[in-house]
Amino acid sequence: MKKIITLSSDFGVQSQGVGIMESVAYEINPEAHVIHLMHGLPSFDLLYAARTMETLNYVQIGFHVCVADPGVGTKRKPIIIETGRGDFLIGPDNGVLIPATRFLEGIKKVVEITNEKYMRKPVSLIFHGRDIFTPAAAYLSKEAGIEEFGDDINIKDLVKGPYEEAIIGKNEIRAKIISINKFGSLHLNIMHSSWDKFDIKLNDIVKVNFNNNSIKIPYATTFGDVEMRKPLIMKDDYDRVEVALNQDSFEKKYKVKIGDDIVIKK
Amino acid sequence: MKKIITLSSDFGVQSQGVGIMESVAYEINPEAHVIHLMHGLPSFDLLYAARTMETLNYVQIGFHVCVADPGVGTKRKPIIIETGRGDFLIGPDNGVLIPATRFLEGIKKVVEITNEKYMRKPVSLIFHGRDIFTPAAAYLSKEAGIEEFGDDINIKDLVKGPYEEAIIGKNEIRAKIISINKFGSLHLNIMHSSWDKFDIKLNDIVKVNFNNNSIKIPYATTFGDVEMRKPLIMKDDYDRVEVALNQDSFEKKYKVKIGDDIVIKK
Amino acid sequence: MKKIITLSSDFGVQSQGVGIMESVAYEINPEAHVIHLMHGLPSFDLLYAARTMETLNYVQIGFHVCVADPGVGTKRKPIIIETGRGDFLIGPDNGVLIPATRFLEGIKKVVEITNEKYMRKPVSLIFHGRDIFTPAAAYLSKEAGIEEFGDDINIKDLVKGPYEEAIIGKNEIRAKIISINKFGSLHLNIMHSSWDKFDIKLNDIVKVNFNNNSIKIPYATTFGDVEMRKPLIMKDDYDRVEVALNQDSFEKKYKVKIGDDIVIKK
């Protein structure tokens, strides 16, 4: 098996930072393999970033860097989280790594990165992705033990994630939009298993309330189950529940945005 | 030689699906090498996607995945096409793979992918790129024979490509716009060899009719042959004929779009 | 150490050219490793492209291709520049490679690429990135000596870079905007060492004049040092000076663009 280092950021294609982080990783560990998981994170949006890190559930166990930090340059701690599954999540202590741990068998250990031996020098105050996070991933993938990077942090002292799981009631789910993809489909903070507990049958209609809208939507398995431009609610590809229009943009039609609350009623 | 797996999709930089498909490929075959051919395919545009797959002509023989399927979730068959050149094209049976085969020495064999042994489980109803197409490419690149994936499909039963080749007459070519690049230049369904048969000399002027426009354009070898912002028609870099403005956008100036018909007259 | 080939272009995600160049490199040298440094260069913008190549300072010594050439198809020479540090910069003789050499210990040797043995055939008149530049990088990374590619070019005969270094006076710096990132922050043609010579202390206020604006900005170390949406001037991550707003876009607020002049006064 290759040792996989993934990189995620809000750099888009408009930054050389993506390629430079890859180069830094290979300088430290030429045997690792770098995958650019996603560099199109919206700027300053912790929800979207956290949701993207959740999808590591579908990537092999590895060393995963997230550079999404609206508070960069402030006193955020750089941290490494070891997951129950065996991954190492590396990024700022701003909550962005927390939701992913719910999918990766929880948190086993957390340390603050303080050991300068494992940093690229000089350390930029801004680009921790290049000088702290990526080097940490590369050294971890090569030889270093997590305990060598710095002192333990107590899990309860970590900054909370930018969203909790939806609240599943008997007749109602109180959820939140945690990402919107390029097709304008929404993803909610509802796991497949939570949705199953809500106990709706395929083709049942639910009422979906958000902002000043209330619309009726069938629970379907996939886009093709509804007519062109009609709404549907379904299990998405990454263990979350999705609200979408068939071949049209729900986001544009209903002017919703990430962070909006959504209530689903039977 | 490395075994090359290429991935193309309409995911843009705004999706982790790109990195996840790469990870899936390496889990199955760590010795292969994944190239992201192009993830900026416009959503729901089969012409553009098919045209992009044509350019595999310029990539070494390999295992090529295309995830562009407006009908995802409907009863499209997932297929593998073995080309005359020796490539394996993997994607939906919606025509998107067909034009490429005209450049890759035709179709040798086609099978429907039904063998679950070669799928990632559980198989999503939506994200066949991750769960069916990419695993197929990886297993083919490793060891599996095409016949192990499922039954043969008769070539004449395949869904037709989204465009045919242009009709080359004595004094007129009836063509179609099959892609438009970020510079606003148009690519037509005319191969270089077909253009040569039309028998126009360099610097000759042709009449180009489309929508309600009729403009005169010189046949040139490259942008620098005409003045700034002037139109030209030329052979492009990928065995097609291109209509462009020198350092300006033909698309914006003339409001054309993919799929529009274009008639070229001597 | 891996042999690193980097590719930069203005192709964005909307072009298969990116993947095809990677494939061409691996066909020639399967042992090299290709890094996509940056493909989001704005079209036809030599300043931005040149500035991006400067950041190779943060990449290991390697073989670096830049495909950014508004004059493609004209009589630009394809060249290889060997830097003092030991890199090979490959691209058009249009000045785009020059500023980077100021960061890479200067220019040691330059040749014009004329030896067809090291080109992909047939050579497109347009896509030199695929047929000339990338093959040159791959052959150089494998075995070929720079002198085998063609005759020497005298350094003073090279096309000048698209910008010089800022002029540092006693009380005033005359600078230029050489790039603007996706967050709307500006980068100026002032190296960290030049800024140090200007001798401003942290938290000092400078007057920044551009177009018809004159604003007062504190010299800070990072975003968090100023209030939300307030301006700051600081050392950036790539050895240049940056002007930005904390979590807002300086570019949009003040309508500046790449190439604009900026004067900084004590």
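A, B and C label the chains in the order they appear, each numbered from 1.
Convention: a residue touches a chain if its C-beta (ideal position, glycine included) is under 8 Å from a C-beta of that chain, and two chains touch if they have at least 3 such contacts.
Nothing here was measured: the structure is a model prediction, and the numbers come from that model.
Identification of common neighbours of chain A and chain B yields C.
The two copies, chain B and chain C, are related by a rotation of 120°, based on C-alpha atoms and rounded to the nearest 5.
For the touching copies chain A and chain C, the fraction of interface residue numbers used by both falls below half; the interface is of the different-residue type. Chain centres here are Cα means. That of chain A falls 32 Å from that of chain C.
Looking at chain A, residues 12-13 sit in touch with two or more other chains. On chain C, the positions that touch chain B within their shared complex are 10-20, 22-24, 26-27, 30, 43-44, 70-75, 124-127, 130.
Put simply, chain C touches chain A in their complex at residues 1-2, 4, 6, 8, 12-13, 33, 35-40, 52, 55, 58-60, 62, 181-183, 221-225, 236-238, 247.
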